[in-house]
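In what follows, a structure is listed as structure tokens, so that the remarks can point back to it.
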Amino acid sequence: MDILYKIFIDPFVQMGGAPDLLVQTLWEGLVGGVLYALIALGFVLIFKASGVFNFAQGIMMVFAALTLVGLYEKGVPAFLALLLTIGVMYALALGIERMVLRPLVNQPDIILFMATFGLTFVLVGLGELIFGGEPKQMITEQLWLPKGAIDIKMLGGLVSLQKIDIAAAVIASIMVAGLAVFFQSTRIGRALRAVADDHQAALSVGISLNQIWVIVWFTAGIVALATGIMWGARSDVSFALEIIALKALPVLILGGFTSIPGAIVGGLIIGIGEKLGEFYWGPLLGNGIESWLAYFIALAFLLFRPQGLFGEKIIERI
Amino acid sequence: MSGADAIKPGETLLSVDNVSLAFGGVRAITEVSFDIRKSEIRAIIGPNGAGKTSMLNVINGFYHPNEGRISFAGATRARMKPYEAATQGIARTFQNVALFKGMTTLDNIMAGRTLKMNRGFFWQLLRQGPALAEEIEHRKFCEEIIDFLEIEAIRKTPVGKLPYGLQKRVELGRALAMEPTLLLLDEPMAGMNLEEKEDMSRFIIDVNQHYGTTIALIEHDMGVVMDLSDRIVVLEYGRKIADGTPAEVKADQKVIDAYLGVSH
Amino acid sequence: MFYRETGQYKTSYAADMAVFPILQDRIGVGLMLLVAAVGIPLFATLFPATGNFFLQVIMIPFLIFALAAIGLNILTGYTGLISLGTGAFMGVGAFACYKLTTIFPGVNIIVWILASGFFSCAVGVVFGLPSLRIKGFYLAVATLAAQFFLQWCFVRVPWLFNYNASGAIEVPERTLFGVALTGANATAMTRYFVVLAIVVGLTWIASNLIHGRIGRSWMAVRDMDIAAQLMGIKLLPAKLLAFAVSSFYCGVAGAMMVFFWYATGAEPEVFSIRQSFFILSMIIIGGLGSLIGSYFGAALIYIMPILLGWLADVSGLPIGAATIEHLRVMLTGVLIIFFLIVEPHGLARLWQIGKQKLRIWPFPY
């Protein structure tokens, strides 16, 4: 009975007893969720436009952040480093399209997945080779990102919001809105949606697949850079971030591989779910459950809705 | 299997009774009834999108009808899974060849024997004694099929590398390896040239006469259908519009309208 | 010229269905086994210094990685289910073996090595259950759940490592007929023989499974699951069996890794996601759906950094160990992409093509 009490009642008593802590936990989860959503967003962009399950999306984020910090450490001024990093992400998109996607066009999905798996090795190796493997500090101040925290008195306690987290939420919203406009109302956006629907049909009306892929991978690269800066500001920049980046995968399962709203909602559910779980139920199991909770939330969900939150039910045809 | 064996040639083997199937709002099949008699060749024809393939999918348990019943060999079934249909002796080929592309011709046909092989896991670990004996026994059976279909030369070739016509033949071989009571053929001659069609027609007739297998086939080539089949059922927009011998169907005004269009 | 099958007529289906139907192949395999079982140990006895280094640093880990790669290949290469949890399943084997041998020290360690595979097997089946509802990449995420959950268990459940202060497995000494098999006193030679025997035996069993009814049903599920169902193959049992067998192999490999390679002990960090990625890269490069490819992949991926280090030494270039590690990671990635583009079936296919060329030599066809 005691264990049942601890699982089903005690956490809620704690939540009610200290609502300021609950708000603080929710906020932490929300910010984490936004960042997961951003990684998932880059993934969805690529999956929609090329049908490639881009296992390397998380690594692209770390690679972008590492390039930015690495260039700064080598003496490049912060904003120039930012521009250069954007250039590097473009070169990367170009290189991936030329050397990976183009030779593998029309291969089975699993081969393309494996290729992006290989890409993670290349990016990890390359990044560490050039900039070294030791953890680095993100250059938040140099990029004029706010520092410090805002303390809000509420619910009989103090809730402390990191300014960088607020900035992250704002930037993420702007980016999502921008992408939505880009997708809906520009010529390239229309072409992207056409390619997503049917490669061959898109080709036949004169859309260049190669060009579209470069654009999509570049866009995903920019999203990765933004995400990398935010994550980097919360912890150090190193390839240990890869483990965090992998959590974008359960987010995708929740949201479906092709849905942008799904990626966002999924990210928030995972982010908040794992923070609440860790804070209120973690002590029962000896803490650290954050490392796997996200996957279990996604799995449990998947058993009931295999197509994800916003995915359509698939009718198998033979 | 005993249920199906007890039925004499000419008696009803499978009956489809008032079956309807819908995906969301789209009605694929509406209140269709027909039967298939033992040892006959039954053709299902109709324009594209008439619900022919959906009908086969319902028969072998891949889709579940929203309404209606299907009885096979005297037993009426509720929801059934595809592998249960396989255990009852219903085999199938596909419109777009569904072979196991990474495996050789021989392995594909051997895979059709899966249900007939029952040596346990531990003998499989050793691949000696009973497991090997069983393997050889079934290899013999498969070699007969290979011989029958005249595909000896490609037995060890991965099927992904074969031309389309041969793939269709291997797929037929795989279905035959199951020793089916009822064989469903979904457009066995699609995309073939005249010569290949003649070969395939000959195989179908041979299977029917040699093994006594009941065959239901979907085909667009009217010449082939009229020559091969004993009876024909015609679907249009998911409804049955005619049912009878080739001569009856040919003379049916509704069928002529469905194929040639009707002036309004 | 000498690799030719002309004149070797098969007069029975049994002869035609043999795993190595060509005489020269059988001779080749026999020679390989002879070199592994007699040649290499002889070399190690004659030149103890290099010989022991060769056994400890190259042969033992190579064989263990090959076994793990076979395990993953059964699941990913033959059944088409991507797994990112190999490292964790290896860990289950290692920790199970450790618990078993400390609870029942009287039973021989080799028995426990094999028995620990069954624990890994059971865990594998549990994490394979979602394959009932989910497919493809979604399933890959399910195996990630296994990876992170099990890894967490290895660190957070002290019972698993017997409350050692180090948080690691400390390998006790175990003997067979008075000869130390594990622990600090076991010679590289003894450990090599045990590993070789287990790996060869399990490879033979894997080959039996794959060439029979079960292997065909796995490949059928991989190539076209809908058609497989209509052949009477039940998907869930076929997939779960693949999970079970695969995890068994990985579990045994993990247990051997700790007990016969590290020999004194291992930290849970060994069974991280990096290990999973490492083994996955082996089977991609070696060849998906090929047993011999598992050996090739293990050899290439495992031995490459050693070669790189040696090259750096010989050439006298001032390259640090860290740089070599980074180079290795990058080269692995480049090789994966290269093979996927040029030859998606990896080294195993190159091997086949080579044999085919040899068969018709000196003519091009």
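Going by the order they are written in, the chains are A, B and C; count residues from 1 in each one.
Please note the rule applied: a contact is a pair of C-beta atoms (placed from the backbone, for glycine too) under 8 Å apart; a residue touches a chain by one contact, two chains touch by 3 or more.
Predicted model, so just to flag it, every value in this text is computed and none were measured.
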Find the chain most remote from subunit A, comparing centres computed as mean CA coordinates.
B
Central chain (by mean CA position):
C
Looking at A-C and B-C, which one has the bigger number of contacting C-beta pairs?
A-C
In whole angstrom, the CA-centroid distance of subunit A from subunit B equals 48
Subunit A and subunit C have mean C-alpha positions lying a whole-number Å distance apart equal to 33
Separation of the C-alpha centres, subunit B versus subunit C, in whole Å, is 42
Pull out every residue in subunit C that's touching 2 or more other chains.
226
Which positions in subunit B are in touch with at least two other chains?
62, 94, 98
Of all residues in subunit A, which are in touch with two or more distinct other chains?
316, 318
How about subunit B: which of its residues touch subunit C in the complex?
60, 62, 81-83, 85-87, 91-92, 94, 98-103, 107, 110-112, 114-115, 117, 119, 121, 124-127, 131-132, 135-136, 139-140, 143, 174, 178
Per the touch rule, the subunit C residues reaching subunit A in their complex are 80, 82, 130, 133-134, 136-138, 140-142, 144-145, 148-149, 151-152, 155-157, 226, 273, 277, 280-281, 284, 322-323, 326-337, 340-341, 344
Sort out for me which residues of subunit A touch subunit C in the complex.
53, 99-100, 103-104, 107, 109-111, 113-115, 117-126, 128-129, 132-133, 243, 246, 249-250, 252-253, 257, 285-289, 291-292, 295-296, 298-299, 302-303, 306, 316, 318
Where on subunit C does subunit B make contact in their complex?
12-14, 17, 205, 208-209, 211-214, 216-217, 219-220, 222-224, 226-234, 289
